[in-house]
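Following are the structures in question.
Next, two complexes with subunit A in common: one pairs it with subunit B, the other with subunit C.
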Partner chain A sequence: MNRIVTGAHYGLKDWLVQRITAIVMALYSLFIGAALLAGVSGYDGWRALMAQGFVRFFTFLFIVSLCWHAWIGVRDIWMDYVKPAGIRLALHSLTAVALVGYAGWAIQVIWRL
Partner chain B sequence: MPDLAKQRPKFLNLFAIRLPLAGYASIFHRVSGIGLFLMLPLLIWLFDKSLSTPESYAQFQAVAGHWLIKLILLGLLWSFLHHFCMGIRILLLDIHVGIDKVSAHKSSVAVMAVSLLLTAILGAKLLGIA
Partner chain C sequence: MTTRTLQFKIYRYDPDKDRKPWMQDISVEVDGTDRKLLDALVKLKAVDDAISFRRSCREGVCGSDALNINGKNGLACLTDLSSFPEGKPIVLRPLPGLPVIRDLIVDMTQFFKQYHSIKPYLINNDPPPERERLQSPEDREELDGLYECILCACCSTSCPSFWWNPDKFVGPAGLLAAYRFIADTRDQATSERLDNLEDPYRLFRCHTIMNCVDVCPKGLNPTLAIGKIKAMMVKRAI
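What follows is the complex of A and B.
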């Protein structure tokens, strides 16, 4: 039998991670949207909001969720459209490295507040 | 099974395929997702500048105020809103809310309409029209 090897057992976990990270990001977006609607503006107001302990914690969760969510989504797109193994491996690696870098960059922005 | 698989019809002419609206909502979910991913460096850069110092905040305002960046941000605003609304639809479908054909069509209309409406309202603010 000619089976296509695509790996195993990560499907359900990824499906679940995609939902959990989506919910974290949706709640965070609503929170930040509400804060902006409530009149947070200017450098001082924006910085004071983001520097609060709870908000930093929530922002950290958002950044991790975003990068993990993007990893699953973008990897799936490469798997759907890019067939040559070499190019696919290169794109997967590039995506993973970029996302880890983005996470570090964004986290250090809130860390030094 | 392999014989059955061989007989499946394959029709991939993108210009002749007529997708239902839910199909467009779905492909836009993908397009908006990849757009947001590709523009992450810009977004994190803006986030960085907006928080570092009052001087960098001024730089953030100047860059975000440039018409070309505004245009990109408008695209990203739609991408975010579509991805957000479609995400909620997917989560609802996951828990078996609205999975019949009529409701699924209605919810895809709602996703398109709400995300475009919010893009218009927030986009007008972004572009300084309203």
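What follows is the complex of A and C.
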């Protein structure tokens, strides 16, 4: 049975999301690079930086971007290479669960402070 | 006239006789009048008349003699014999990713199915004018780099996304043709054409690998056309 794939309109949305999240991650990387150059170091230094409201906002955005970007990319790989529906569904679910778990864990690691 | 011997390694497969494809070592004498790979292939046919390949116009217009030449897709009739390094056998295989019918001949059904799926003809419901439908020179220029495609399939069969999903991904040749009609000011079905491609497979399996641009014997740029289709979709969506 072949589904007519035309009409599943998430192609454009996913492509766009991947580009936008990439920009967020690039900006955050520059920000962290600048922080390193500015001499932020040690547990206390990073803790002070991460305690600021703006940095919290930006870091949260980065983590969400990373996971969303990875979701689209990894799902694309499963769509390309894994044809049996059962295995593909299992891999999609595992990926989604793992990424949501990682996002929660990352937030907990940074703000358990 | 000076002659030289060319060594070949050629993919052979006759489904009636061979259980598996095999590589044949064969050589042929060519002289100064033999300039292109196709000339050597025609002479090879005199050495072993069972070798099968497609050819027709011998000048890069019909697109029937596309082969995988030393690992890279190209047209035998446009490939200079002088471009091959001396002393190394020339390895010829059929286009990758398509079913082999025999030797260097592949079944292009899937490729043309995708081409037909984008409706490769002008859609205009207005009554035809007495003479032709006119375009400004600027509008006509938009079609340069699009209409020249000869459908040799070098690009689509070098595209990993097409290898994995030839039934769902339109492929670079089909998408280049799609943009040729999307960009045509005389066409009235732009929106339907975009709808037809807006899906995770048909257009968005392209991950800008750009093998298509690398191999196109006509020097066309399907990746650029695909990027323009994506840009039009974004504009339409927001």
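By definition in this document, the second predicted complex is superposed on the first by the 102 of 113 C-alpha atoms of A that agree within 3 Å, B and C clash if a C-alpha of one lies under 4 Å from a C-alpha of the other, contacts with A are read in each partner's own complex, and residues count from 1 in each chain.
Note that in this section a residue touches a chain if its C-beta (ideal position, glycine included) is under 8 Å from a C-beta of that chain, and two chains touch if they have at least 3 such contacts.
If you're wondering where the values come from, they're calculated on a predicted model, not measured in any experiment.
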{"item": "Which of subunit B and subunit C A:Met50 touches, first, second, both or neither", "value": "first"}
{"item": "Which of subunit B and subunit C A:Ala85 touches, first, second, both or neither", "value": "neither"}
{"item": "Subunit B versus subunit C as contact partner of A:Leu12, first or second or both or neither", "value": "second"}
{"item": "Contacts of A:Leu37 with subunit B and subunit C, given as first, second, both or neither", "value": "neither"}
{"item": "Which partner, subunit B or subunit C, touches more subunit A residues", "value": "B"}
{"item": "Where subunit A meets both subunit C and subunit B, residue numbers", "value": "2"}
{"item": "Interfacial residue positions of subunit C with respect to subunit A in the complex", "value": "161, 164-165, 167-168, 195-205, 207, 230, 233-234, 237"}
{"item": "In the complex with subunit A, residue positions of subunit B that touch it", "value": "2, 30, 33-34, 36-37, 40-41, 44, 47-48, 50-52, 54, 57, 80, 84, 87-88, 90-91, 94"}
{"item": "Of all residues in subunit A, those that touch subunit B in their complex", "value": "1-2, 19, 22-23, 26, 29, 43, 46-47, 50, 70, 73-74, 77, 98, 102, 105-106, 109-110, 113"}
{"item": "Partner subunit C, residues of subunit A touching it in the complex", "value": "2, 5-12, 14-16, 76, 79-81"}
